[in-house]
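You will see two complexes here that share subunit A, one where it goes with subunit B and one where it goes with subunit C.
And then the complex of A and B:
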């Protein structure tokens, strides 16, 4: 294997290798300092506050009377970890995240491969169409989907009816938590695919043509070429995108809340929205914080895995 | 790199400016901050109250800030919990006990006599009371009435009904005469319209929840309540078989259905006439209102008694002035609230007068048989979890039997109201 994929990130678009600055002294740190300070303030302090809150009894009472705040140790964690509804939400979130990430990666890959084979005009058109989906704010996008699926006047309801799918009356989407989740998955994937597809497409353009020619001469099928040439070359990008997708999809909040506030009967709540629901709707900020801390830990675990993968692929080069 | 530095520097500078701006915020010693709900009062009344207060309080100014109903619980929490809270605040009556229990409001019990509390509408007083102390002073009430299309009534030759039975018969006639209109409802009843359904619970002698000792116990699964829910289902199946079951009365707004002729009647507020006429000028004078009738002629069906209380923030440092302002609105200006704003007054004497006012009569009559939500401070959490909406949706759609749905809702309500 010539030049495994680590180079994909170490090569500039014009093909010139990145110049390594070995002895720059303190200058890079100095230059990074302002943004690091801002980050520390904007991310660090809220995070510390969040962790602190998760160990406190902090309900509406304490919100108005800060002097009554008391530390309760692991009480909040105990309460949510023994709560069946929380565990249900965790399982639901894991399953839904897995489906969303798998669909995003699959569709993203297919569209990237399509883009590579399209001519200039169509490539631009498809790219633009995807940018529009990507750029639509999540709240508006979700609201539009909600209108399109209205059981009486929605255009999608009508279209689906033409092919025999009945979403009217008691079959309405908002009635059934599974249907609500299915639509949320569609909305998320629809907005996530563009980034994945465009990034993968950018990666594809960096795979040396000679490898494909060699594969062709060897008589490899398209399927084999993908698995033996494209995929290994692009592995770091796949790992990066999958990890990012997991992190993003795992924390999804806006679409869940805007579409149906986690209803009916809290049946479509995912972890991100559950944390909000516990803190702001049920007015238990301590427990909401504990849920959020657990989410941060899970996200950190995924990130740690990703960093390890990146470091590893760096070592093999 | 230059660009990054620039961005970082801009961010820092931007943040610094924000901080400075925050320091420069008003918190004038002699400015009274008042929060009212948007469009609850005509501008003219607000201006006069302000003027009267400023005239009698030398050097003082009143700053009125209008709030929106959307996400109002969070707005109130944020405002009352801040370092510079509103001194006087209008609070939807179902939200008052929650704020009182959390210690956000000033105890006003010893002012009751000064505010002529002996004449208050008892149901309104109940919404402002927590633990036998008064935190929210009854301000005004609101009660739903039936808005109807006079033209559709005339076309079907039906009269304004005086009993529930007559309403049902009239609705059957309207349904039959309007089969040509897609998704027509005689009275529009979407599945998640919980104020409508709960009125049936109260009409059959049931209630939402009652306090037993230190605990709250849901009463939705009792025989009386389930009878009410069953009657509601039969009623909705007759008068509104085509309405969507997965939405509430605001999404889409029910006034649209009335205006578009998709519904001959809606259960809403008197002021909605103006909204219909604004969107449909051709319907001017074609929208009438009447009190939702009870089972016997001349009686009113139970109706949710909405409206607002006025409270004083516990964190206010201008409590005396805040009280003076509160008293103006709840005592001195009540008559103008009734006559000009067409609101239900906070006291029984004026309520009797309001029943003579042709515009106010339907809602004043409805308000005399009003029900309120349980006075538990955790009630707003039941509303946030949409337990009642889920209950009626499940019943009207036929997904669950009335008893099964009531059992499920009871379990959720008991859990929320009694949790630590």
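And then the complex of A and C:
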């Protein structure tokens, strides 16, 4: 996949143009036009509307009387940035995202290393099993975990009871925000690990065998071999997977909303769901939009880093 | 580095744990779906859950399908997913050909734009989309949902298809054109058959995305016009709910997706990693 540098400039080292150049005129633009039009209309316009709304007073009242919508400058941003409940959600989202990403990367790495040490049959079985977790739609996954932790007849409730963890009656998961968040983390990690593990395993198979043999001759321990041989070789892929995981975990909505609507007492709301909650539950569209804009900006900052990595690795050529 | 003796069994044991952890929730969903209603959540709290249903039954599936309007939601989901994919893949393919086969001004920006569009949290767009659709009086209509899902699937589909096409040597088409084929013929007779598997894989992936989408369907559609995920997500898990029916519905919703996903996963996700390894 690593493209020769010449491909970026459109000229081959001997001066001949890259074959891809054809005297095409308007054709490529015509081919891309339908997609561009759809994206411009259906993504571009909502994006502009989002930014506009975030600068307007737009609450329940204006919702029913659109004529009364007025621009209020930065007021929505000021309001949320001085709102303790918003700052709590931001803080919570950062912590929860960090835990999700760390767990995903750690377990993904361990499973990738395990896959490398298994024979064909076991490796295939583990791979297939992980695909099942990966493919399960978020809504189904959330409902199944909720059912397994049901305070009356959940199988995990029963299992945890055997080791002394009581999740029955008043101790039910749904009554405690921390427990809800813990389960949401488990659900996300359960579904995120397969992609990371399988991608890392694919990367591991490309590390030259000779490096391991050399390390073995030098008498390096397993830990040292991983740290000094495997990790440096895999660094770019680690960076990409970590960035992707941050982007994906940061915006979680479906699991939060279907698990317990952000409850109890909004204690399990994360940023992605907070914007929805502010707009549609509290009917403050202006502030909800401001939250969404902040979320988009944070994501774009992380994405910029990701795109740079990707361009460096030649994926866009 | 093939481990031997005890170490090998140690690794197999770990592998078994990973398998159990990955599959068990889905197994439990299916198990519950086949358990007779009376045996689910019976009043005896101390009773150990059973690993296999005692008297497996189709009852829950019948309830799930023919009560609660689920049949209707199922149709909505199918209509939305199929329309999204037919339109989306159609126009994505054209753009992918442009990006993979032509060098034109703005091409790199186009590709970078796709990645950025792919990364923007579309959850954040639900507010403006809702307001815009309300102002246009287009809430609660399937075409509105299809339009939104096009934005979900386009960037990813163009990107993936562009990688597929890029990997097919352009010399094949050129040879056909030297032999007297027109560009259109070279395209349909040479390129198209070669990318067909990639098209199928990308379509399946796009179907899955449209099929699973939750937040827009939740906010834009109303009661009678829900899609399946909204129906599934509407169970809050409080006391006295029909877990058997819910798990049966979940099973019907989930199993086709898992099968499709297992079939195409390798083709689709390899690309993401490939560029990154050697950096």
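What we mean here is this: the second predicted complex is superposed on the first by the 261 of 317 C-alpha atoms of A that agree within 3 Å, B and C clash if a C-alpha of one lies under 4 Å from a C-alpha of the other, contacts with A are read in each partner's own complex, and residues count from 1 in each chain.
Simple rule for what comes next: a contact is a pair of C-beta atoms (placed from the backbone, for glycine too) under 8 Å apart; a residue touches a chain by one contact, two chains touch by 3 or more.
Every value quoted in this text rests on a predicted model; they were computed, and no experiment measured them.
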Discussion item. I'd like to know which partner A:65 touches here: subunit B for first, subunit C for second, both or neither.
Written reply: first
Discussion item. Between subunit B and subunit C, whom does A:283 touch in the aligned arrangement: first, second, both, or neither?
Written reply: first
Item to complete: See if subunit A has more residues touched by subunit B or by subunit C, and give me that chain.
Response: C
Worksheet item: Is A:174 in contact with subunit B, with subunit C, with both, or with neither (first, second, both, neither)?
Response: both
Item to complete: Kindly classify A:88 by the partners it touches after superposition: subunit B alone (first), subunit C alone (second), both, or neither?
Response: neither
Worksheet item: Now for A:126: first (subunit B), second (subunit C), both, or neither, which partner does it touch?
Response: second
Item to complete: In the overlay, answer first, second, both or neither for which of subunit B and subunit C A:31 touches.
Response: both
Practice prompt. Figure out whether A:148 sits in contact with subunit B (first) or subunit C (second), or with both, or with neither.
Written response: second
Practice prompt. Would you check which partner chain A:228 touches, where first means subunit B only, second means subunit C only, and both and neither mean what they say?
Written response: neither
Worksheet item: Both subunit B and subunit C touch subunit A; at which residues?
Response: 31, 34-35, 38, 150, 152, 174, 261, 280
Fill in: Residue numbers on subunit B that touch subunit A, as the complex places them
1, 4-5, 7-9, 11-12, 15, 74, 77, 80-81, 98, 101-104, 183, 244-247, 314-315, 381, 384-386, 390, 393, 397-399, 408, 416
Discussion item. Please output the residues of subunit A touching subunit C within their complex, sorted ascending.
Written reply: 1-2, 10, 18-22, 24, 27-29, 31-32, 34-36, 38-39, 42-43, 45-47, 49-50, 53, 58, 66, 111, 114, 116-119, 122, 125-126, 128-148, 150, 152-155, 158, 168, 174, 190, 194-195, 198-199, 202-203, 206, 212, 234-237, 240, 247, 250-251, 253-254, 257-258, 260-261, 272, 275-276, 279-280, 285, 288-289, 292-293, 295-296, 299-300, 302-303, 306-307, 309-317
Worksheet entry | Touching residues on subunit C, where the partner in the complex is subunit A | 1-3, 11-12, 14-15, 18-19, 21-23, 25-26, 28-29, 32, 40-42, 45, 48-49, 91-92, 94-95, 97-99, 101-104, 107-108, 110-113, 115-117, 119-121, 123-132, 135, 147-148, 150-151, 154-155, 158, 170-171, 174, 208, 211-212, 214-215, 218-219, 229, 232-233, 235-239, 243, 246-247, 250, 253-254, 257-258, 260-262, 265, 269-270, 272-279
Worksheet item: subunit B touches which residues of subunit A in the complex?
Response: 31, 34-35, 37-38, 59-61, 63-65, 150-152, 169-170, 172-175, 261, 263-266, 277, 280-283
